[in-house]
Amino acid sequence: MHSVKDLIQIALKEDIGPGDITTDNIIDPEITGRGIIVAKEKLVIAGLEIAGEVFTSIEPEAVCRFFFKDGDSVSNNQVVMQIEGRLRTLLKGERTALNFIQRLSGIATNVRSYVEHLDDKKIRLVDTRKTIPGWRMLEKYAVRVGGAYNHRMGLYDGVLIKDNHIAACGGITKAVESLRDKVSHLVKIEVEVSDLPSVKEALQAKADVIMLDNMDIDRIKEAAALIGKKAVVEVSGGITKENIKLLSGSGVDIISVGALTHSARSVDLSMRIIQ
Amino acid sequence: MHSVKDLIQIALKEDIGPGDITTDNIIDPEITGRGIIVAKEKLVIAGLEIAGEVFTSIEPEAVCRFFFKDGDSVSNNQVVMQIEGRLRTLLKGERTALNFIQRLSGIATNVRSYVEHLDDKKIRLVDTRKTIPGWRMLEKYAVRVGGAYNHRMGLYDGVLIKDNHIAACGGITKAVESLRDKVSHLVKIEVEVSDLPSVKEALQAKADVIMLDNMDIDRIKEAAALIGKKAVVEVSGGITKENIKLLSGSGVDIISVGALTHSARSVDLSMRIIQ
Amino acid sequence: MHSVKDLIQIALKEDIGPGDITTDNIIDPEITGRGIIVAKEKLVIAGLEIAGEVFTSIEPEAVCRFFFKDGDSVSNNQVVMQIEGRLRTLLKGERTALNFIQRLSGIATNVRSYVEHLDDKKIRLVDTRKTIPGWRMLEKYAVRVGGAYNHRMGLYDGVLIKDNHIAACGGITKAVESLRDKVSHLVKIEVEVSDLPSVKEALQAKADVIMLDNMDIDRIKEAAALIGKKAVVEVSGGITKENIKLLSGSGVDIISVGALTHSARSVDLSMRIIQ
Amino acid sequence: MHSVKDLIQIALKEDIGPGDITTDNIIDPEITGRGIIVAKEKLVIAGLEIAGEVFTSIEPEAVCRFFFKDGDSVSNNQVVMQIEGRLRTLLKGERTALNFIQRLSGIATNVRSYVEHLDDKKIRLVDTRKTIPGWRMLEKYAVRVGGAYNHRMGLYDGVLIKDNHIAACGGITKAVESLRDKVSHLVKIEVEVSDLPSVKEALQAKADVIMLDNMDIDRIKEAAALIGKKAVVEVSGGITKENIKLLSGSGVDIISVGALTHSARSVDLSMRIIQ
Amino acid sequence: MHSVKDLIQIALKEDIGPGDITTDNIIDPEITGRGIIVAKEKLVIAGLEIAGEVFTSIEPEAVCRFFFKDGDSVSNNQVVMQIEGRLRTLLKGERTALNFIQRLSGIATNVRSYVEHLDDKKIRLVDTRKTIPGWRMLEKYAVRVGGAYNHRMGLYDGVLIKDNHIAACGGITKAVESLRDKVSHLVKIEVEVSDLPSVKEALQAKADVIMLDNMDIDRIKEAAALIGKKAVVEVSGGITKENIKLLSGSGVDIISVGALTHSARSVDLSMRIIQ
Amino acid sequence: MHSVKDLIQIALKEDIGPGDITTDNIIDPEITGRGIIVAKEKLVIAGLEIAGEVFTSIEPEAVCRFFFKDGDSVSNNQVVMQIEGRLRTLLKGERTALNFIQRLSGIATNVRSYVEHLDDKKIRLVDTRKTIPGWRMLEKYAVRVGGAYNHRMGLYDGVLIKDNHIAACGGITKAVESLRDKVSHLVKIEVEVSDLPSVKEALQAKADVIMLDNMDIDRIKEAAALIGKKAVVEVSGGITKENIKLLSGSGVDIISVGALTHSARSVDLSMRIIQ
């Protein structure tokens, strides 16, 4: 699995390629400068250290200073960080650093606003696997920065039995039992269901987590009551900032929302260079 | 520079990691099935072949059939493609394939709506370098699919002299002349300016392209008249779907809009499996 | 994370390097042959397909036929598989293929003998992370082939709170609660304890799994009784083929044994070539 | 060919993957500690610096101190090295570092006991290519640490003509002559033989080294006498710690033993952390 | 795209492989020394820092001192640089460092002599894509060091329409227009022509650069006159040091010469070690 | 160590980068064609299959036909190979394929002419390590194709004790004995000497190969006589096509010539496309 360092390298190669033909040809390598990154709208900042690493990947001696930490709310025109280094470094790293921080802060800002709409503090808001390919770890990090939680990282660190698994195995009970016998004793088993009989079957099969998929609010409450505390209750599908409040006090433990990541837009930050 | 194939590998490793512990443990490797990918809203499709490659990367014998081609408009509930292969392949590739196609179609859909707002067909709408790190080539592809054009790919294939370059070189004239003497005779030189005296200086220095940065519409028209056809005129900053029409007949050649990529949200597509 | 295919490539490069100077210089590339791999002692076979892939990595057209499947018991002198291909392929792949199959079968054979000594079929025998660096996935595969189960794959897919974690957090309760608040709702929490008060504290903190580390048999039984079925009971440390029977009926759910992998020796198989 | 540094990276990625979900979630990144690695049985130590590199790969500022050097005999409970660094580093690197040092010391310990059984100091004990795929360089290093010598590293740095080569070339003489004409003048040519007529043919063909494969002790002595000092005499197959003494004074130059590596078990070392 | 650092790694692995069996076995790792690199003929030096990086890649603490800078003329027997470090480092890096500097200086020396034969300083001498695979960036660097200019770096950063493109598109006009509509507005379009009617067509199609391929000197002058200054004029094919003077005052802007790189021979430099 | 396949990938990425902006924009992907590669001077061909692999790396279905085999003499204007595939493939692979074949045939042609000047067929002409970094294997292959032999591949597969090794060890005898005790019994030991006393010392130390470095012809003959057949005699330094004949009958076994590779120029071949 690639690391953040790998992704920074990929990004720099993608942008600089065989060379920055503007900067390399007219900027003296000895000139130094100071760059500041400024918020151009109200936002929740995320990715400060990654932006810093973009510059230190180009020039290990470059020095970054951060005026906020990831998760802080930042107002329009506030300076979030500063970089001191060669002018060439600042010019070459600018766009890539901004692209990282704009996307991550965009997600964190989006997540924060969902979190603020949810007033039942016993319910956990979690993300999904609907992330930009190559960005899973980073987007899940931004989700945490924004104040929500992570669902499983990928297909390898959590069991989620979906309708197609159930159909292929011949029912929820068989699927759960078959998995229980094979996976590590450290792994919980979650089953996705969309009606009450399935909730009951999952409960009897001793699923650890039951995901109520695209159910309406009344059905969700009924299912949660049925489950009692015998399994963790997760709700998924159709949740928006507008209707999330309806789940307060419903007995639900977890709400998973794909839009936390897939519908976030980049927020605006820019860099100014002071030579 | 990484290829699309590399990115697909990165994405699959990121999602599947050491193994899909649900599917690998309960789905018989011999069972085959058919998956269909369905639009869940009106959209411009992009990334069909990439989605196909996700599945054939897992199982080279899997067979994809496409019912549209990239750039086509698709209505809600239309089936865009189908994959035949092992059920394991369908289940493991589903999320990654959707993540690719949702992001790319999201950009293409966004771009198309900008293109439709611009009624002067002599003006070219182009993207910027505000793309997700690691996704530059793919996002620029989606921009073309949506009906717009690409600006330079990166720092290596086009010269763009910005304010910091100008300041460090001691003026537009020096910067342009110094670059002209160094870059290949196949490369055009673009200068970013924000007032009319700079437009004149860039013109005199024989810049090939002049970018009018964040000027108001009257100033843009004045600058375009001044330039005549002696340089390509690019406008950048502050352009929205709402105001883009104002540039019709302004004499501008190019409009670059970062929001084509950085503000696109993923559109909704899902996969259904028919065993 | 590297795949088995990557490891096969690493292994072939390590052995062949810039070229097999014996074979490449005197064996005509057109000559073909048939190689058979033969057990030279009684063993549980594991790694047949991996051995096959060694040869097909060198020559994609080589054809392997398997006379057993992984997990089968094989007697001395039985032929386990055959490869048809160029003689050069057989000679270059021989040692690498055997090195894979000898190590994996060595582990499977070792595991099988532990399994046979454990007569309480409700208890699961599991491995540990004491594996050869680079071989984690393969060794854990051989453990399953031998008839035992896998503990977590690595530090990323299961929580195990050890004494140093507890000390740094200020007690079991704090460590468990702090983790519960941070990890995914799909992850179980295991706590390592070495005395009864700690068992009680772990139980009260609602640990999902309690690992009894290096306790004697009486203490283990006492702890298991205490836990009832309120947590999974794992025993670790000091278990040998000789004393494993003592745990029958003890109420223990899981026994983890590092020796399954770290003390396995390679078993003997050889290849004969018939031109 | 991968380096030791590459293998350490592979090993850390394999164990830590996307993150140590226990440690990263509850151990403060600022807490530091001291870890000591202790022998839990009598052993010959090997891999101290590699274990150190595991920790410095995670945290370049971590400081290791070694109380022995590779090849030293260590008693039960002796401390072999100490690491000072962040507690997170110690916890994340512990298992991987131990897995390296336990395997390498296991081989060195095994080799040392063979060396001690061989009392003819003119005979060189050497290893074979029966090593764990990916570990060739490391295992051959541990063999030297244990007091024995290395045979060729792989197929690229030494010629060894085996029965299948001989059959395909039409005899020993043809094989040797054909190779002599093709390989570098810096490479010696070894021929594997299993009877006396073949010894004679190899001798006449001017083989530099003659390997007596699976011959009994009387035949070995006869062959050695026949060869005189006109070629190096290597013996291979069936040598154990018990019978190795029989070769003393036999005129043999080299004894190669696969069991030096393939039958070594890991020795026991553990790490204790003192915060 | 690989970097110079990557190529240095490739080169060191290629030469040292699993180890320098001479040096590693008999040179004490603690012995240090000083190496000097000496020109063994008159040459234009290129690659000094790259040679230095070869040594610091092996031993980061090695210290290099340069007595010239790339592009300087150096006489026979002059010392161009010195390296202080471990004797092992000097011995292992020697051949690789020399191989880099000998090739690059060979190109720079060759280029310099072409430049000296061209007495019309308004004409730019440029290279081609006839470079050693893997060495494009380095060879183009040596060309600049020698005093000439670079044509496009590859197929990605400049348009050059050749006869086969023209044939496939149905004529120069169609090819140019079709490309103009597709490539970025920052890219110039060059057309290769071999007769005057094609020159006229290219001119009318508004090609930015016209390459006169393998024309004789009279035809070149005629074409240049025809083009006026309406396009950049490039001449290619058949140019030698002997005939390059004939193009002085011909109105040509660019001369491209493949022999700058493909016919350069390595110049002679050697290293002496002073312990 | 990188393979030829890796180098082809590196070369294609270097030339094509993010895309061939000429071809990709105007050549229909469905158009196919036939390309022929033609010698533009008399040469010894080398690299035919590698050139073929360049095209099949781009398009696996492309079909190559070879009209010669590596090592054949080819006259001006003869067609050496043909490629059938998509026109895009031919245009994208052309320059890279030619760059490979021109360099390799350049070396083979150069080597052949040395071989023809040497009329003592008992003497072996060998290359050195003076090769283009990254091209060691390929250049050594071209040397064999041209009719000469290879010295060691790198520092890992042969021992060569040079003056600095000797100085650091305290004399030839100590260096040879120390190495004999450490390297594999399959490795020969070569010593570089430059005067007769050193020849004698090397002989007494039982060096397997003695390299006479930069000696004049009389001294060489004297040394060869002294050595008798007790060691292989290699001559190095100052050998040219003109003086190589003088070594006929001198008793020398091996002549190593760096100019075989480092002074070869690329020969001329071109590609014509027939659509």
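Lettered A, B, C, D, E and F in written order, each chain numbered from 1.
Everything below uses one rule, namely that a residue touches a chain if its C-beta (ideal position, glycine included) is under 8 Å from a C-beta of that chain, and two chains touch if they have at least 3 such contacts.
Computed from a predicted model, the values in this text were never measured in an experiment.
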Neighbouring chains shared between chain B and chain F, ordered by label: A, C, D, E
Interface composition of copies chain C and chain D: same or different, split at half: same
C-alpha-based rotation, chain D on chain E, 0 to 180 degrees, nearest 5: 120
Between chain C and chain E, centroid-to-centroid distance (C-alpha), Å: 53
Whole-Å gap between the CA centroids of chain C and chain F: 46
Interchain centroid distance [CA atoms averaged], chain D/chain F, Å: 33
Geometric centre distance via CA averages, chain F-chain E, whole Å: 22
Multi-chain contact sites of chain D, meaning residues that touch two or more partners: 1, 13, 17-18, 137, 153-154, 156-160, 187
Topology of the chain contact graph, where touching chains are joined (line, ring, star, complete, other): complete
Chain F contact footprint on chain C (complex, rising order): 13, 17-18
Interface residues, chain E side, partner chain B - complex: 1, 124, 126, 149-153, 156-160, 184-188, 190, 208-209, 232, 234, 253-254
Residues on chain E engaged by chain A in the complex (per definition of touch): 1, 137, 153-154, 157
Contacting residues of chain C [partner chain D, same complex]: 1-2, 7-8, 10-11, 13-23, 25-28, 31, 33, 87, 90-92, 95-96, 98-100, 102-103, 129-137, 153-162, 164-165, 167-169, 175, 178-179, 182-183, 187, 262-266, 273, 275
